[in-house]
Every structure is written in C-alpha cells, then in structure tokens.
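Since the structure comes first, as structure tokens, the remarks are kept for the end.
Per-chain residue numbering starts at 1, and chain names A, B, C and D are given in the order in which the chains are listed.
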Amino acid sequence: MKNKKLRDVQSEPDHRNIPINKVGVKDISYPVVVLDRAEGRQHTVARVNMYVNLPHHFRGTHMSRFIEILNKYRDGISTLNIRDILDEMKKQLDSETAHFEIEFPYFITKEAPVSKEKAKMEYTCTLVANSNEDYYTLEVRVPVLSLCPCSKEISRYGGHNQRSFLSVRIKARDKIWIENLIEVAEKSASSDIYSILKREDEKYITEKSYENPLFVEDMVRNASEKLMKMEGVLWFSVESENMESIHNHSAYAQIEMDLRDKR
Amino acid sequence: MKNKKLRDVQSEPDHRNIPINKVGVKDISYPVVVLDRAEGRQHTVARVNMYVNLPHHFRGTHMSRFIEILNKYRDGISTLNIRDILDEMKKQLDSETAHFEIEFPYFITKEAPVSKEKAKMEYTCTLVANSNEDYYTLEVRVPVLSLCPCSKEISRYGGHNQRSFLSVRIKARDKIWIENLIEVAEKSASSDIYSILKREDEKYITEKSYENPLFVEDMVRNASEKLMKMEGVLWFSVESENMESIHNHSAYAQIEMDLRDKR
Amino acid sequence: MKNKKLRDVQSEPDHRNIPINKVGVKDISYPVVVLDRAEGRQHTVARVNMYVNLPHHFRGTHMSRFIEILNKYRDGISTLNIRDILDEMKKQLDSETAHFEIEFPYFITKEAPVSKEKAKMEYTCTLVANSNEDYYTLEVRVPVLSLCPCSKEISRYGGHNQRSFLSVRIKARDKIWIENLIEVAEKSASSDIYSILKREDEKYITEKSYENPLFVEDMVRNASEKLMKMEGVLWFSVESENMESIHNHSAYAQIEMDLRDKR
Amino acid sequence: MKNKKLRDVQSEPDHRNIPINKVGVKDISYPVVVLDRAEGRQHTVARVNMYVNLPHHFRGTHMSRFIEILNKYRDGISTLNIRDILDEMKKQLDSETAHFEIEFPYFITKEAPVSKEKAKMEYTCTLVANSNEDYYTLEVRVPVLSLCPCSKEISRYGGHNQRSFLSVRIKARDKIWIENLIEVAEKSASSDIYSILKREDEKYITEKSYENPLFVEDMVRNASEKLMKMEGVLWFSVESENMESIHNHSAYAQIEMDLRDKR
C-alpha cells in the first residue's frame, strides 16, 4: 500500500516544548449555503479560516482534514450547527480546541421605501466560534447613510452626508438572525440605503436623512441602546466608519459592552 | 400623482456638446447564477459594471434601470445571453451602445491526482461584452504551480517554486466553456494545484513539478500554443504572475495575439 | 569564477517561435523620490512594474537587472527622465522595447478654505511610458465631493452627496505638472475636499457644494472642457466614480478624447 | 467673529448615558518620518488611526484636532515619542484615554548572500499605543521562504516551497528596533528572501532552503524560542501565513505568549 511507504512527518515528536495556539488553513474561498430567514437557504461564497491547537509534543497537523470537514458541512453552515463543526474538527484533528471563522456576503431582497421596487442588498457577515467558549460571535457590516448634524446646523442649507459602514458584533448562545442585527444598524443611521431607488424614493431618503442628522458617535450610541435590550445578547461591539464626503479619510466610533455583568 | 411633481433633471438638455463614452453603475455586488459544464447551473456572487453611452444633448442617465436589468437576468448569465442583456440595456436606457462586465468566483469539483479525494477549487472569471463589438471577452485567472528551471539547473538539489496566476483571456463569438480555458492554463504550468491533497498527492505534485520546470515565459508560451489551435478563438492574451518564493515581488510575462489576421 | 559554472538557462534558445510582448517584474514596492512643484522633491513609496519584450529565439530574461535599474533611478523619477529609464532598460536587457509603470501616493500641503489651516492631502498618481510610443501617460486620482442635482431639485431640503474619485489621465510629450491635473479635477466637482477642516470651513464646503450640484456626468464633462484647452495634452480620459451615499455601489462616467485629431 | 455664530454641536450634552470607547479618525494616509537604525531617519507613507474615549455626557469629539496632532508629529514618529503623542491627544481632545495606530512600509538596504548586490527590501510595520497601557505594541510582517519537510521527505526529489509572511508582534516598554524583529523572523524560516538576486545567490537560497525544510508550525516555534529570550519583550504573538504553492489557500500557525508571568 502506497501510504505505508510515505513517512508521516507531521506526526513525529517535537522537542522544542512549545504548544501552538492555532494551526490550520486560512483564506480558503468556498461556495456554501447559509440559513436565510425569508427564503430558508441562501447560496453564497465564503472565505474560511479553520484552526486547531497543537500540543507541544506533535510537530505538525494534517491540513487536508480541514478541507474534508469544510466540504462536508458546506451545504448548510449556521449558528445552529457551528458547534458540530467544532466537534468534528476536534475529533478529526485529534485536538483539544477548535476555531472556525467564516465571512460571506449575505443578500436580502429589499423594497424601496416609496416605489416598492425590489432588488438584492448586500451585507457582509462574519461568524466565529471557538470550542473554548460557550458562545458564538456574529458580526454584520451594514452600509447606511449618515448626515452631519454640525454641518446642517451651521450651514444656510444642505448638510454633508456619506456612506457609512455600521458594524454590529455580538456574542450569543441562542439563535439570533442576521436580519435582526441588520435591523439594529439600519434603524440607528440617518437613513438606510438601497440597491434600487426611483426618483420618489430618492426624495424620501434625502428628506429623511436631513430630518435625522447623526454624528458617528450618535449612530453607535443608537445601536448600543437597541442591543442592550436585545434578548440573548451576552456582549456586543458596535463600530461605525463614516467615509466622509468632505475628507479623504473616515470618522470612526466604537462602543463595546459586556452585558453578562449587568443581567 | 407623485411622479408628476418630480422634475426629471437627468432628461434635460445639456449644452456643453460633449458626448459621454460610458455612464452607469460600477462595483455592484450581486448574487447570480452562471452556466456550469458539469452541473448545469452554479450559484455565485458577482461584481458587476454596466454602462451605456450618453449623447451630447442629454444631461444624465437613469441609474435605477441598470439594476432592474441586472435583477431580471441574475438567474442565468452566460456567453449565450449576454447580447440579450446588451440589447435590453440599449432599449431601457435609450442608448446607442451598451457595455456589460461581470466578474465572479467559479468553482469546479476537482479530484486529487492519486487519492482521488474531491473538493471545490476556485477560479476567477470575467466576462465583458460591448454592443459595438461582435464578440465577447472571457478571462479566467487560474492558480497554478511554477518551478524555476534556472534554480533547478544550477542548484545541487531542489528548485524554488511558487503559486502563480496564469490568466487566459479570449475574444470569441461562439460558446467557449470556462472549463476549456482552465484546462489550457493548468496544462501550461509545472503542475496544476488543488484544494485538497493527501500525502500521496503531495508526492505526485512535488515530483511532477520538479520534472517539469518552467519559467514565467515558458508558461505563457505553452498556453499560447494551445490557444492558437483552439477553435473559435479570435484573439487572446495570456499573462502569468509568479508570486516568487525568493522575492517579495512577482515575475510577469504576457503574450497577446490576434488570430483574425492569421486565419 | 563562480558564474562560469552556473549555466545561463535564460539565454538559451527557444524553439516554439513565439515572441513575448512583456516580461519583467511586477508589484515591487520601492521608496522613491519624485518631483514636487512646491518643494522641489518629495519622498514617497511606489509600486512599480517593469517589462521588456523578448524575441522568439530567447528563452528568458534576466530579472535582477530590472531591480538594478530601479535602484539606480529611485532618487528622482519624473516625466523628465522616464525616457532615460526606458533606454537603460533596453540596453541592460538587450531588448527592442521597454515598458515602465509606477504608481505612488503624492501629497500636497493644502490650506482649508476659510481657516487657512494646513495639512497634507493625498492624491494617487500613475506614470506609464513605453519605448514604442513618443509620449508618456500620467494619471491622477483625485478625491472630491459631488452633490446630486436631482436629489436637491426634488427634495424639500438637503441633497445627497458623497466622496467621489475623479481620475484624469493624459498622454503628453512635454512636462505637465501633477498639480495641474489635480486642479482640473478639483475645479470640476461640487467641491474639493481637505484633510483638515474647522467649523467655518465645513460651513463653507457644505454651502458651496449645495450651490454647485453636479451629476457624475457633469463632472467628467467639466473636466473634459478644461483638458480640451490644456496645452500639451495629446489625448485624455476622465472618469468619475461616485461612492453613492444612498447606494452601496458607485455611479460612474467616463469620457475619452484624442486631441491629435482636432489640433 | 465668524466662529461666534457657529454653534458647537459636538460640545453639547448627550442624554443617552452611554460612554464611547473610541472615537476619532481612521485610515488617513500621511507622509511620515520614522527612525532607521542604519540611516537615522526614513521617509515613508503611513496609514494612521487616532482615537480617544468620549465620556457619556458629551455628544461628539473634534475631528480636526487629530489631524493637527498628526501633522505636528509627522517628522518623527517612533516608539520613543509615542507616549508624547498620546499625551497631546488627551490634552487637545480633553479625554481620559488616547489610542494611536500607525502602519507603514519600512525599507532596509539588504545585501544578496553571495554576490553582495544591494537593493531595498520592504517590511510592513505596525505600531500601536494606548494611554491605558504602560507598553506599546510593535508588529513587523516579514516575507520569507518556507520549504515543506513532508514534501521533501516523501518525494524522490524537490520539495514544494513558497512565499510566507511571518509576523512578529511584541509588547514592550523600552526601545526595540524594528530590525531586531525582522532578524527574528528571517532566522526562523527556511530562508530569508531578497529584492535582488544574481544566479549565484539563487543557487545559494535554493540549496539553503532545501537543507532547512520547515513546516508553518516549525517557523512559529523557531521565532518563539528567539522571542522568549529577547530582552524587553513582555508579550509576543508570532504568526505565519504560508501562501502554499500546491494550494490556492494558506497554511497558518500562531503562538501567543505572555512573558510577564514567567519572568
């Protein structure tokens, strides 16, 4: 048998006496299916990192097994079965701990506010889980519109506004829908934004955002207020990056809060 | 009626007397379905640019119509119907010319050479068409392995090798499968590469590439020889970018050939 | 002598009879000095591509010589000496043609419009030259502000606005300052933008852009009008990419014009 | 006086009672001068993030002051004066805490191992400091070469190798040269790599790496052994990302160690 002849260098002992925190595969692009609240399932393309620990006495891990596991689970990855993936990793790689990270574009059919025209809107999701922790971490990066209160206040007319990315990251144990986090972000901005807008929608959004001017600081505070009340959230971090229309850099704000202390 | 009241600023005349070559939407990320030789259809996530020309007497175009067209065709985009998309763009935008560009990751289930283990392998495809031209342009970017002939020749053992990206771009009128272009690239390198490899596969690829050392120049020449004979190819460009393992920059070569002159 | 013993595989003949259009080094990051209208010289960090052609009878080129030439000229690269670099490439690589591309961030000390506070503003420049052509190509990518005329017209108040990138590319033989192209772009937008702004400046820019609403189409037409009159410009392309505040994609327009036909 | 009339919206009270962890400017690109062990000073282009905290009773911060501070210190930023920058931020922004992050390409003139030809080699550095902590964090990302021990062992000849990025991150209080961390990384790999190599150098590196095969796990262990002995290091993290030549994804390993517990 051919494998008999091939020395398994990775399984040989290592004498440097240094355990490795994480070893595995990084930045593999893979087609996956994720849960979709409206339509059940959604096809997307993910970027995946999968790591295990390596005790000090082993020299190397077996990289191909990570891909076998990814391939096995690719038809349905969610917060519901992520612990099964971690368990499978620990078993197949014979490790004490396992770490799984997946980032993917997630699309929702979104209706324009007045014309009701529909198109797909993209949100960037990241799901992370570690077998050492009894929760998962879910982040959604949501593009929104922010209009500057200072600019509106001091100017005779207008108010500078821009695309912002409001990112909501939570730790939770029970199922929380991606859609719920998107809603938190979109309701915390001067206006949410759309893939398709007719003239009457453009009028609506322009006026809505002018009536609702918000600093980068206001948006993260607004989102925090909502997350503090959301059931199942153990911890959260909210950050907003405003791609300022009057500068070539971003305005940024971040709030982080551990709710386990407060409940 | 609300639309009656909203002035259509875009449709107003422009007096600068300068026609616009391309106007439209850029960098929209959208879920699409593309043709797949093995499985019929494949879900992926694309980045799309859609432009039309604008005669000198109009001030602006209507951006929302591009998204309506993209949404209409998203369930099946291919070299077969790309001219229908261009026609629809010309009609809906009332333009003389239309231009469509779509880039997406494309996955093929690929078998390891010895163990026959299967996993998905990613290739980056770009399809471009313009109503002024009677052909489409298709590019596939293929990751491969290159081993340096000079390094092998002058060294007592070993030979530096690296991941390379061999990109094949063609102009054609009739259907050419993405898979055919991938095959050209993979057969032009020191070895093709895989998402999953067991030890016996790793041995096979290491030895194969050592037996088949190729410069960046050799790889583009190999691919050119194949493309010169491929039916339906009107023009091609082949480029290879070797992410040198001995440097922090790439070695690069490119060949471009118009076969319409030669046939 | 050690070199005697090392076979020069690259210089050996090749029998496939296919000449190579471009071969060389790509994506090398290098510290360089460029000309600066205000201060004489400016230190920056560039990304460089250098290629030559390779006749069909040679198998490979000598990659190290490109780096020697880059290192020799790094203390002063400009439109003034770029033809010397091409000549040196042709000579050292023994080639018929040479191609040089350099991209770098370029900084100008810019004064805020009212407070006159000063800070460095970044522009992205690309300079390309090919020994087959009797001109160089210079591009500057300029961040600006655009305010939508349609949104302003149809809304009771406000008008959506955003950061846009207005890129001006020209072909010329004689010296044209980067600063002149930046000026074309900044004067073609709803407002130029700044690294530092006090409240009185923010008021000024908010009002100025509201008074000067422009579509993506208007901005490229404005820039074209200026370039058509600029001395020494043989050809130009202007494109604008508006990072729409109401969408998660860009609005785009491009105009290209060959002035050699018209002069 | 014009400022009298402009309401300072940012300084107004906020009633949501939520303090903000970080608020400021992000991703500003700026020309800076950093310390250089060999040449005293080095010009480069940095990407900078600057944040302060915001107590719950203030609505917003004053973004222009961050740029004033960056502009003031840009002629010399180092681990030596980073605490001065933090102090200035706290003072000018009237905050309790300050956070400063700067990333820049750093170049060293490096001699080829045999020919002794010289060229600039790029390393990516990140320096982070927070006024809440009595140390700074310095990271250097070093491109190196790794050759796979398994591939070498099981194959009749050759061994797959690739460009890897070995990143060394430390926390320290006293001055540690960037050059020292680069040395740790370069000595932990199968071979270091170069911008310029003549044939005799290529032979040297090919043979050296073949004689010194290392897994991604070996490289982070090698670097850890060196960092455990380096004076002044309070904590370190080492990670390696091998851009596998046989795959289109990376192999990855990471070790993190707090030496404050052990000393």
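The criterion applied here is as follows: a residue touches a chain if its C-beta (ideal position, glycine included) is under 8 Å from a C-beta of that chain, and two chains touch if they have at least 3 such contacts.
Since this is a predicted model, take the numbers as computed values, not measurements.
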Fewest touching-chain hops separating chain A from chain C: 1
Most widely separated chain from chain C, with each centre as the mean of CA atoms: A
Chain A and chain B, separation of their C-alpha mean positions in angstrom: 28
Distance from the mean Cα position of chain D to that of chain B, given in whole angstrom: 35
Rounded Å distance between chain A and chain D, as computed from the means of their C-alpha atoms: 25
Per-residue multi-chain contacts in chain A, two or more chains: 6, 28-29, 122, 150, 154, 195, 197, 199, 203, 248-249
Category of the chain touch graph - line, ring, star, complete, other: complete
Residue ranges of chain C in contact with chain D within the complex: 2-3, 6, 8, 28-31, 42-45, 64, 67-68, 70-71, 74, 105, 107, 114, 117-120, 122, 195-200, 203
Residues on chain C engaged by chain A in the complex (per definition of touch): 121-122, 143, 145, 147-148, 150-152, 154-163, 191, 193-195, 197, 199, 202-203, 205-207, 209-210, 243-249
Residues of chain D that touch chain A when the two form their complex: 6-7, 9-10, 14, 16, 18-29, 49, 51, 54, 59-61, 63, 149-150, 153-154, 215-218, 220-221, 224-225, 241, 248-256
